[in-house]
Structure formats: structure tokens, C-alpha cells
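These are the structures in question, set out in turn.
Common to both upcoming complexes is subunit A, partnered first by subunit B, then by subunit C.
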Partner chain A sequence: MLDFLSYLTQIAVGSALMALALSVYVDGIGYTVFHLLGVSGVSAYSYALLTVACGWSVPLALSIGILLGVVCGWLCSECVRTLRGDGLALATFGIGVGTFEALRFVRITGGVFGLAGVPQLGVAAPVPILATGAVVLLVGIGATALWRRSLGGAIVRCVQQDEWGALSIGARVEGHQRLTGAFAGALAGASGIYAAAATGFIEPRDFRPTNLLVPLAATILACGRTPLGVVGGLFAIVLFFQAVRFIGQDPTTAGPVSEILVAVVVGMVLVLIRLRRRPKFDG
Partner chain B sequence: MGAILGAAVVSGSIYALISLGFALAFRISGVFNLAHGILLVAAGYANYGLGTLLGIPPWLSIPASILLVSLIGFAIEGGGIPLAKRAGLKPVDIMVLSWLMLVVLQDVLIIIFSSTSIYMGSANVVPGWALLGARITPLQLFTVSASLAAGLGFFLMARFSVSGREITAVGDNPLLASICGVNVKRVVGLNAAAAALLTAGAGVLFSYQDRLDPTLGMRFSIVAIVATLAGIRLGPAGAVLGAFAFGLLESLVLYLVDPGLRDTAVYFCLLVVVLVTYRRRLLPETG
Partner chain C sequence: MGSDGAVPLLQAIDLSRHYGSGPILNRVSIGLRSGTVTLLTGRNGSGKTTLVNCLAGFDRSYSGEVFLGERRVDPVGPSERARLGIVRTFQYPHLFDDFSVRDHLTLSLLASSPAFRSYFRQRWRSAQAERRTTVAGVADLYTKRGAELSFGEMKLVNTARAIATGARILLLDEPLASLHGEKRVAMVDTIRSLRDAGCAMLVIEHVWSDLLPMADAAYELENGNLQELPCE
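Entry: the complex of A and B
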């Protein structure tokens, strides 16, 4: 049981942090973005390179990795700040997948073969995977909950409700866009670093666009509820994937079948949410 | 330089065929349908399944696979997207739904064909003719001619035919077009059918030129979006010019920079064209 929980933590905590990063954007400011996988890739590779190739200590490399996530998140939000809706989603998709392709190509990242020997996040003694995962997850949930309760988070939700209205009461939309970008970047960076450290290995395939399916599904299924709701939804989806794998007995088809079922359910939930939130009259 | 131009013409013509169906559908729906690329891939696989696995001769398997995938494309563009728009879904929601559809279709292909990549062309490569320092095969020449003819045809149709003007009118303002006596439902249906047939036909043609695998759908969609947005001012015909410009850029990256950066260039192009196309969009608009 403990082994299964450790395995679950190993595969789910990184995705949970990514789902929290997405929820900061989607549920917070109301924009759909896809660049966060690229941001997590930059942080994860910087952590791996600093520890494996340069021999830096884990805390220092971790700090630099998360700082890079903040900077990349802020830079991305800066360059797409004039976009909204489908234009914003597409442009951020270009950034995210462009970064993924660049990671595959650049020689220093080990190309498609990746990098092995990425150190665990346990600082001195080898801390069990379960405990490390739980601590990282609690820090992520706590930070997101604090963000939602802060003044910045409240203003961001005002922007989501009515951007013109938020502007008219003096909210600095672009400033909050940058702030959201930086915070989501930090969470995405932490997600990439955790995933690399938990498995001890990193490769560009970890940052494929389809890897966003589960975090995006958890964000949509949570319907704007608390960070705990997002993480709970994500663990439910990961458990569902594992259940299909166990029941199906065939790992080559279990993955695609689970993805199909999750995509269909998420699509239906997205439509239902949008239809429910439709204005009753058009004035 | 000649080789770069030759490669640009050949790859640009393939991209033009990939993009035309998308550009035609986008002119009316205004929605970035990310499932477009997987329909191309599905058409190639349908032809492979019918022809190679079931042993049906090409004269029957090619039209059958085009018809089969066209029906799916028509159901999406002519039925699903207009219904979603009428229900009040935002373009970004429809885009996310189309991405989910891409994931579903991609996984269905992976399950049916076990992730096998396919190539329908002959193993014996025809030497072809010299063009601008590159070699061009008869099939490539056919693709170049077909894409140029289709681009010119769509340009003339949009400018001088009644149907072309009706498509433009419905794309610009469907309500006003219906007030002016245009049968909007008929135009949307015909446009969706033409787009679906073009997309499926391009997919089958592509499978005879290059290798296809189920994960290529997203790349095709992005190529179509980049080409369409690059030539957006000229409508569907502009997508052909956009595709050739994109083919040139890709050839420059391939020959002068590094072949490994080809896909990176594709996705950063997407960022640039979206930033340039939407820089004057009225803000704010959340969602």
C-alpha cells in the first residue's frame, strides 16, 4: 500500500502543481494559457543541469530553478499581454511547444536521450518520496490558497468577472496579468523540478503538449473551487488512469483509452459549465 | 539558394493543401479548429486501412476514405461548431473542445493502428526533374500545380463569383447576410463540405508523399493556422501565399540554421503571427 502511495505521489504531485498553476490563470484571471509546460521545462532542466553538470547543491539549484520559472512566467505574460481569448491561448501554445521543441534540440539538455541522475529534493538524509511529495503538495496548496485570499488574488478575480469593470474601478489589469504570470510560473517551475527530482530522470517527452490534458482536466472539473478541489480532482483522474491500466491488463491501450474517456468527460463538463454560466438575458 | 527555393516550393505546396481546408472553414466560423490536422492524418490512415490492410484497390479506397473523413469534418464544421456558437460558447472554449477532439481521434488511431507510421508512396523513388537546383518528382509537381490552381481558384471565386461573395458576406456578418437574402445555412453547409473534402483529399495526398503518424495532427493544425493567419487579408487564397512563405522560412531554417530547429521555428512562427494578427483587437475580452 505504502509503495503504491509513493508511486502515486511520484507521478501525481508534479501534475498537481501544474494544475494549480493553470487554475491560477484559468479560475483566477479567466485566461486560458498553454505556455506553462514550457516554463516548467526551463525550470526542470536548469535544476537538473545545475545539480548534475555543475555540481551545485540542491537548495541553491531549486531556488534558481523556481526563480527562472518566475522570470519566464513574467516574460511570457509580458509578451502576450495584449492578447485575450483564443489568440492568447494560441500564442501561449506556440511558446510552450516551441520551448519543448527547443529542449529536444539543444545539445546541453541531452537531446531526446534526456539527463539521468537528477538528485532527489530531500535535503540531507534520503527523505521518503511520500513525505517529500506531501510537503511539496501542501506548500503548493498553501501558496495558492494564500494567493486567492490576498488583495492581488481578489483583484484578479474581479478581472475575471468583468475586465472593463475592473479597469473602471482602477485595477491595473496588465500589472495583475504580470503578477499572475510570475506566480503561475513559480508553481509550474516547481512542478517540473519535482517531477524531474522524483524520477531522477528528465527528458523532453515530459513536456509534450498532451501532458497538459490531466492538469487542464483537473482545473476544469474543479469548476473554480478551492486549490484543494483542483488537487483532489487531479488525484481522482490519476487514480482513474491507474484503474484502467489494472483492469485493462494491456498497458499499450490503457493509456489511450483513459485519455479518450478523460477528454470526453472534460469536454462535456466544459460545455455544461459554460451553458450554466450563460447570461439569462442579453439586456 | 536554388536548392532552398526548390525545397520551399515543394514543402510550401504541401502546406498550402494542408491549410486550404482550414482557411476555408475559418473564413466562416472564425474558430481555430485544432482537430483539423488530425482529420488529415485520419484520411491517410483510412486509405491505408482500406487499401493495405483490407486489400481494397486504390480507385475505391481513396474516394471511400476521403468520403468517410469528409463526413467527420462536415459534422464538426457544419454541425458541431455552429451549434456550439449558437449555444453561446466562446471561441476559446470551442478551441479547447477541438483540442480534446484531437486527443480523442489521435488515441483512436493509436489504438487501431498500434502507433504504426505509414507511407503509401512507392518504395522506388522516381528521379524526377531539376527545378531551381532541387529534384522534383511527378507527384510533387502535381501537388505544386494543385495547390497553385486551388489558391488561384479560391481567389477568383471569392472576388468574382456569387458563391464566393456569399461566403465572404456570411463570414463577415451572418445576420446582415441573412437580411440581405443570403441563405446562411446553405452557405455554411456548402463551405463546411468543401473544407472537409479538401482536408481529407490533402491527407490522402500527403500519405503518398511523406510518412504519417498519429501524433502529427497537432503540427498540421498549427501549420494551417500559421499559413491562414499569415495570409488572412486575402482570405482562403491568402493561406496559399502564407503556406509558401512558411515553406520558405522552414527551408531557410533547414539549410542555413539547423534542421533540428525546424519544429521550434513552426511554433515560434505561431506566436509571431498571432501577435501580429491580433495586435489591434479590441480589449479587454476575458475567456
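Entry: the complex of A and C
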């Protein structure tokens, strides 16, 4: 049981941090973006390269990795300033795919074979893995909760709900969107570093854009509620995946089947949300 | 505090704006002085809201100049103009659905603070925003969310939110529309007290009999041209 829980922690905590990063974007800025896995890849590879290839200490490499996530998140948030809807989705998807391809073909990253021997956070035993995962998760949830309660979080949600209304009271829309992008980038970076450090191994396909399905599903199912709702939804989906594997027995079909089921449910939820949305101009 | 009769607080010179081939504003010039109420009317589509959009920076595709005192504000957008004290309301109130009325007022008070500092500010809800707001009837709505308000209530909150910013210049787009009885009287009283406090106001209204006694100037927009009307 302990082994199963530590395995669950290893695969779910990174996704949970990514779901929190997405929820900050969707809840705060109001648009779904697809570049965050690329941001997490940049942070994860920088952590891996700095420790494995350059021999830097874990805390320093960890700090640099998260800082790179902040910078990438900040830069990518510039897309939000000029793009909306389909254009924004395509641009951020392009950034995500571009980063994934770059990680695959750049020699320094080890190409498709990835990098082994990434220093693990804590000792590779069930209890330390569980404890480290819990601490990382609590820090992520706490930071997101503080962001939601902060004035900046409130202002950026105002921008999301009515940009003209926010502009009319003097809100610094661009500044808040940049900071939100940077905060989401920090969470995404932490997600990538955790994923690499939990298993001690990193490869480009960890950062395929399709890996966003589960965090995206958790974000949508939480409907912009509390960070706990987002993380709870993510763990429910991961447990569902595991249950399908146990019931289906054949892992080659169980994985795709569970992903299809999750995608269908998320699609239905999106349609229901769209149908229930109250028209803005109903007097 | 009455009109000071000096340089207008907000001045537009030769504003022109075209939609397609025809001009919606044709070299319009207008000045708003401290402690005055300027009324603006005109038929639907005559360009009243476009003029407010240009003055507040929501529409910057115009030619001409807009001055705040002696500073030219054309290069800056709506957010910075609001921080400089030029605040507008909307014909259809742009409120925030998930925030309470009290939050609306508090955010108006605090939204202009630097973005970086805002990110770390917790307990912002304890700010005393209501002290700046004098619109009668809004206090009864404090706990209601934006999405729960009727249209008349939204209009009240829309104006109260603009006042809470501490604006020196208010551009009010049909503040009395959909208000009846006590709420209408309360809004007229609010506009009067703001004028007495030194605020410069441009008020768009179709029916302005309630506002005419306190008006310092009145204009009609027709075919893109601004014509002065007698304040009687």
C-alpha cells in the first residue's frame, strides 16, 4: 500500500502543480493556454543539466530552474496582451510544441533518450517520497490560495470578468497579466522539476503537449474553485486511471481508454458550462 | 466649491473620429471646469458615447488633442487616464459578476496601486472604501454580487464605483437611465454634491429635466458637431 501511495505521489504531484499553474491562468486571466508544459520542460532540464552536467548543488539548481520558469512564464504572458481565443490557443500551443521539439533534438538534453541520474528530492524510499510530495503539494496549494486572496489576484480576476470595467477603475491590466504569467510559470517550473527529481530521470516526451490533458481536465472540472478543488479533481482522475488499469488488465488499451473517457467527460462538462452561462446583456 | 472659471480641468480640442466614411465626431472641442456639470444630449448614434470613449482613452483612434490641465493625455490609455483622475461610467454597467458590491468599491480604491505591491497584499477587503462613496442606496447592496443586481442597481453601483476611485473628472454615461423614484432623486443629489466638492462632470442624458437646474453648460451632438444649448 505504501509503495502504491508513493508511486501515486510520484506521478500525481507534478501534474497537480501543473493543474494549479493552469488554474491560475484560466481563473486569473480567463484563457486556456498550452505553453506551460514547455515552461516546465525548460525548468526541469535546467535543473537536470545544472546538477548532472555542471555539478551544481541541488538548492542552487532548484532556484535557477524555478527562476527560469518565472522568466519564461513572464515572457509567454506577452501573448495574452495582444491575442485572444483561437489565436492565443494556437500561439501558446506552438510555443509548447516548439519547446518539446527543441528538447528532443538538442544534443545537450540527451535527445530522445533523456537524462538519467537527476538528483532526487529526499531519499528514494516510500516514506520520504510521500513526505516530499506532500510538502511540495502543500507549498503549491498555499501559494495559489495566497494568490487568490491577494489584491493582485482579485484585480486580475476582475480583468478576466470585465476588462473594460477594470480599465475604468485604473487597474494596471498589463502588469497584473505579466505577474500572473510569471506566477503560473513558477508553478509550472516547480512541476517539471518535481517530475524530474521524483523519478531521477527526464526525457522529452514528459513534456508532450498532450500530457496537459489531465491537468487541464482537473482545472475545468474544478470550474475556477479553490486550489484544493483543483488538486482533489486531479487526484480523482489519476485514481480513475489506475482503476481502469486494474479493471482493464491490458495496459496497452487501458491507458488510451481512460484518456478518451476523461476527454469525453471534460468535453461534456465544457458544453454544460457553456449552456448554463447566463447571457451578459439580459437586463 | 463652485466653478473657478480658469483653465478647464479636462479639455478636448478638435476631436474627430470616423466610422467608415462618415464622421461621428467632427472637430469637437469641449472643456470641463472644476466644480461644474456639463450636460450632453443627442439622438441615438450621434456620437455621445464615442466622445466619452475618446476622452477616457477607451477609443484612441481619433485625431485632435485631449488635455488634463496642461498635460496632453492622448498617448496614454484608459487605465492611466483613470489613475490621473479621468473616470467614466458605462451605459451598460461593466461590473464584476463574482465580486460583492463592497468589493467593487474597495477595488476601485485600490486598483491603481502598483501591480507588484498588489500581488503580496492580503486582507485588502478591510480598506474603508465606503467612506468615499456617497451614492444613497448602495450601502444596502454591499453583500450582493455583481451578477445578482438588477439593472437599476447596477447603474447605481457603476456610478458609486467611479466615485470611489476619487476621480477629479467624471464622465457619466446616462447615470439616471433605469432609475426611478427615490433612487433617481438620490443620484441627482449625488451629482450635485460631487459638483459642490469640486468634481468636473460630463453627463450624457436624453431626459435631463432633473439635472438642468444644476448644469453649467449643455450641448447637443448632431451630425458630429457640438452645438451649445441654453441652460434653462
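We take it that the second predicted complex is superposed on the first by the 271 of 283 C-alpha atoms of A that agree within 3 Å, B and C clash if a C-alpha of one lies under 4 Å from a C-alpha of the other, contacts with A are read in each partner's own complex, and residues count from 1 in each chain.
Please note the rule applied: a contact is a pair of C-beta atoms (placed from the backbone, for glycine too) under 8 Å apart; a residue touches a chain by one contact, two chains touch by 3 or more.
Keep in mind it's a predicted model, so treat the numbers as computed, not measured.
Applying the stated contact rule after C-alpha superposition, one finds that A:Phe93 touches subunit B and leaves subunit C untouched. In the superposed pair of complexes, A:Gly85 makes contact with subunit B only, with no contact to subunit C. Of the two partners subunit B and subunit C, more subunit A residues are in touch with B.
Once the two complexes are overlaid on the shared chain, A:Ala61 sits clear of subunit B and of subunit C alike.
Contacts of A:Glu259 after superposition: subunit B is touched, whereas subunit C is not reached.
Touch criterion met: A:Thr32 reaches subunit B, while subunit C stays clear of it. Contacts of A:Val70 after superposition on the shared chain: neither subunit B nor subunit C is touched.
When the two complexes are overlaid on their common chain A, residue A:Leu167 makes contact with subunit B and with subunit C alike.
By the document's definition of touching, neither partner reaches A:Ala184: not subunit B, not subunit C. Common to the subunit B and subunit C contact sets on subunit A are residues 164, 167, 173, 278. Listed in rising order, the residues of subunit C touching subunit A in the complex are 56, 58, 77-80, 82-83, 87-90, 92-99, 103, 107-108, 110-116, 118-122, 124, 146-147, 151, 161-162, 164-165. Within the complex formed with subunit C, the subunit A residues making contact are 146-147, 149-155, 157-158, 161-162, 164-173, 175-176, 178-179, 183, 278, 281, 283.
Put simply, subunit B touches subunit A in their complex at residues 31-32, 84, 87-93, 95-97, 100-101, 103-104, 107-108, 110-111, 114, 218, 222, 225, 258, 260-261, 263-264, 266-272, 274-275, 277-279, 281, 283-287. Within the complex formed with subunit B, the subunit A residues making contact are 29-32, 79-80, 82-91, 93-95, 97-98, 101-102, 104-105, 159-160, 163-164, 167, 173, 209-210, 213, 216, 252-253, 256-257, 259-260, 263-264, 266-267, 270-271, 274-275, 278.
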